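As written, the chains take the letters A, B and C, and residue 1 is the first residue of each chain.
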Amino acid sequence: MLEPILSIKNLAVEFKTDDGIVHAVDDITYDVFPGEMLGIVGESGSGKSVSTLSILGLIPQPPGRIVSGTALLKGRDLLKMKKKELRQVRGDEVAMIFQDPMTSLNPVLKVGFQLGEAIKTHYPKEPDDTVKTRVIDLLRLVGVPNPESRYHQYPHEFSGGMRQRAMIAMSIANSPSLLIADEPTTALDVTIQAQVLEVLSTVQQETNAATILITHDLGVVAEMCDRVLVMYAGRIVESGDVETIFRAPRHPYTIGLMDSLPKLTEDEEWLHPIPGAPPSLINRPSGCAFHPRCFLSQGRLQCREQVPVLHGVEGSEHRAACHFSDELIGRTSKFSHTVAEGAV
Amino acid sequence: MLTFIARRVLYSIPVLFVSTFLSFTFVSLAGNPTALLRQNPRIPLNTIHNIEIQNHLNRSIPVRYWFWLQDVFTHKLGKSLLTFQPIWPDITRTLGHTAQVICISESLAILLGVAVGIFSAIRQYSVFDYLFTSVSFLGYAMPTFWLALLLQILFVDIYLKWNVRIFYTSGLNNPHHGTWSLDRLQHIALPVMTLCIISFALYSRYMRASMLDVINSDYVRTARAKGLAEWRVIMRHIVRNALIPIVTVAALNLGGLLGGAIVTETVFSLDGIGYYFIQRLQAADLYAVMAYLVVTSVVIIVFNLIADVLYGFLDPRIRYE
Amino acid sequence: MSEPTVAPRAAGASSVVDSTIEAGLEVKVRSQWDYARRRFLRHRLAITGLTGLVIIFGAGIFANLIAPYSFSEIDLTNILHGPTTVGHHFFGTDEIGRDYFSRVIWGIRTSEEVGLVVAATSSLFGLLVGAVAGYYGGWIDNLLMRFTDLVLTLPALAILLTAAALLGQGSQWRTTFILAAFFWTGIARVVRGVFLSLREKEYVEAAKAAGAGDARIMFRHILPNTLGPIIVNGTLAVGIAIVTEAALSFLGFGIKPPTPSLGVLVAGAQTNPQQWWLTIFPGLTIVLIVLCVNFVGDGLRDALDPTQRRIRA
């Protein structure tokens, strides 16, 4: 068994707002292993972004607060580090790629400069031309054409897809051991999405960095990830490797997510959304947060009163947080054929 | 970049002409230049008639504008209809004095205002922030003439009570003292303070707002995620971007500053272009009034042009329009 | 301001959805004006400003009831008295014995009349012009915008002074007219900007597709969205108008005595610099009025601006 690069245990993050305390992340535990791509799926407000932003100290700490937990990066607890130490980790050992490339780059500074900044911050003694060469190489690696001239351009002269490639290049500049991509393709056109995902794939293979890919798009997860976590209302509700989860999901929410996707190869009359709305994170439903919308619950007392714990289902690595996941045994998702055909 | 500048300059030229034409038309339509002369019984009607023909006052306005325009370039804004003295020397002299006061006060106001704005934004909700936000609210609400009067009364009081002249409360300087002598500085200190306080309120408020706007931007988050030291994030990413709108604010403030100059020069009896304007206006000396309007319009247009170019220099997105 | 927030419901309510309501997951339906009102009321400064304005402007409106004397009542036995409670001379008396408190109160009335009328008329006119320019675009827009641009390049106070000098001074209403004639340009620009941006919005296209005429689109769909900026700008204009009128009067080109305006009072105080109350009280009143107006304006801007930034969870 490999040692995990990142090991998060019992992380809880809350935000103080005018309307009350928002429990954005509620007691989550997961590991990321070297070289793998871990997907985190969930709706907006599920806490998927907050969990990664908080361990890097990127959430504003006045309204936000890390209530409890540990986040061990190669043995060192990120949550206990002083600001200076944490800054050294950011951009060097752990790097982030953000969602909106239009606004994630400083519009008045040249692209080459901003990429170089990522390197010079951690290796200030490197001579300028070495840095410049490295930046140009990085741009070439991610597929930006004419990297030598693009180096001197401003972000608004790049297209959306190219900007995201530049962001990816910037993140791997110091060969991080952990890469966190927070919805990297959500703001892009579908065709560009495919290209950027390919770049991400290439980059991961080149650097062998462990990658966390946060998204709400199941298709992206299916295509890119080795393992996946499903989050709902600040908790992890299911985890396991991609093939198992897509073939035989064991949590009603995951099933609902998959059922709501239209399938190209079948004739469907109606779409099947999950009924109801995501819960308020201030007034969470008691017990299992999903029970008001759950088809399996049927109003049972245990669902309303007890918070389900992640426990192993059929395989030891496949876990689900549902009191009645056993009742789902034998059920296959509508994607099981696709999985079997190896199209995933 | 050069094409950007060239385009801006070319655009300004017709604006200059239309602006001066509008001022000219407005003043000419509303007032009869010879009205005051006619009221003086000692000037014979013949003389007045000759004056009228000499100054083309019997022709249509566009024609008069044309002659006046020629005057501007050849005879430097012509002569006053009342005093028969050339206008230009008065304008240059007074404009120089006003420029001295405005330059000093604006530079101070921008430096202090930007600095306070930065600190207020970084330490939002701190005592410093609340204190200076209140100060800027107050400065924003204070009428220039009242602040000038208060300062004047205060320092007159100090002189009367303790016989010590810290700052002079009227006049430009005592005789035989130069433009940058201590004596001159003592004289212009109060008007400079007045204008500075009012402008400071403006700049600190806008800088703080601009900083807060930028602080929550995604690219600031990216900079932090790269591991940059906080002061670098502030200076290189936040302040650099937050300063850009201030250029526009400064340019737009010029009009208000000239108005403030009129007021402060009147209160402190300074020989500046604002005081000159008020005196000529009270005397209904139309050509002089016109000269003032034209000169100030030109100054404003030129400064707007400079601000535009500066903006293009600071924000690369604008250059490619 | 046309779309209320509604809790999303799946088609065909089932028992699952009912339990959603029971579990307290629904969002209460509120109109936009409701939200705006709540946001405004949470703004303590704005409430303070509003209270202050009510008191000060109220004093002005009811001047004949509140002021102990008329503004021109001369009492030569009592000249240049400092503030005192004797004879209700709270603000003292001036150089010919007139009660200063009364004069300030009457001055407030004059100033507030000028401020409110200027703000109202310039807002109305600016709205009309800006709407036409922004909606129809083309050469109308160009012409109007070049014009307002030009107005911006002129030194404001100087133009107002010149206009006052040439068109006649002294009357409160002449000054009001001159100020309004200058102020509408600012509001027109703002309105035009809003119209321009909203013209391209999808719901305008939808209305057009459904056959709505130009006027209807302008009134029902775009106009409500401009109300926010107009209200804010109009409020702030009251303060600016009052200060500008005071400056004009102070320099002798605005309202002339005997009509008291706060600017006239400050001007008159210049002959007696030692009697501090003559300068301080009217000036302080102006500062208080403008402060309150700005607080209220800020509160309104926060309340009515839909682009509020919220914390990202």
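The definition used in the following text is that a contact is a pair of C-beta atoms (placed from the backbone, for glycine too) under 8 Å apart; a residue touches a chain by one contact, two chains touch by 3 or more.
Quick caveat, the model's predicted, so the values are computed rather than measured.
Asks: Which contact partners do subunit A and subunit C have in common?
Replies: Intersection of subunit A and subunit C contact lists gives B.
Asks: Looking at C-alpha means, what's the farthest chain from subunit B?
Replies: Farthest chain from subunit B, going by C-alpha centroids: A.
Asks: So which chain ends up closest to the centre of the protein, judged by Cα positions averaged per chain?
Replies: When every chain is reduced to its C-alpha mean, the one closest to the whole-protein mean is C.
Asks: For subunit A and subunit C, let me know how many angstrom lie between their CA-based centres, rounded off.
Replies: Using C-alpha averages as centres, the distance is 49 Å.
Asks: Report the inter-centroid distance (CA atoms only) between subunit B and subunit C in whole Å.
Replies: One centre to the other, that is 25 Å.
Asks: Taking each chain's centre as its mean C-alpha position, how far apart are subunit A and subunit B in Å?
Replies: 54
Asks: Looking at the complex, which residues from subunit B come into contact with subunit C?
Replies: So the residues of subunit B in touch with subunit C come to 15, 18-19, 22-23, 26-27, 30-31, 137-138, 140-146, 149-150, 152-153, 156, 216, 252, 255-256, 258-259, 262-263, 266, 277-278, 281-282, 284, 289, 292-293, 296-297, 300-301, 304.
Asks: Which of the residues in subunit B end up touching subunit A in this complex?
Replies: Residue list for subunit B touching subunit A: 217-219, 221-229, 232, 236-237, 240-241, 244, 314-317, 320.
Asks: Tell me, which parts of subunit A touch subunit B in their complex?
Replies: Those in contact with subunit B are residues 56, 58, 87-92, 95-96, 98, 100, 103-109, 117-118, 121-122, 154, 156, 167, 170.
Asks: Would you mind writing out the residues of subunit C in touch with subunit B in their complex?
Replies: Touch list, subunit C to subunit B: 149-150, 152-159, 161-163, 165-167, 239, 243, 246-247, 250-253, 263, 266, 269-270, 273, 276, 279-280, 283, 286-287, 290-291, 294-295, 309.
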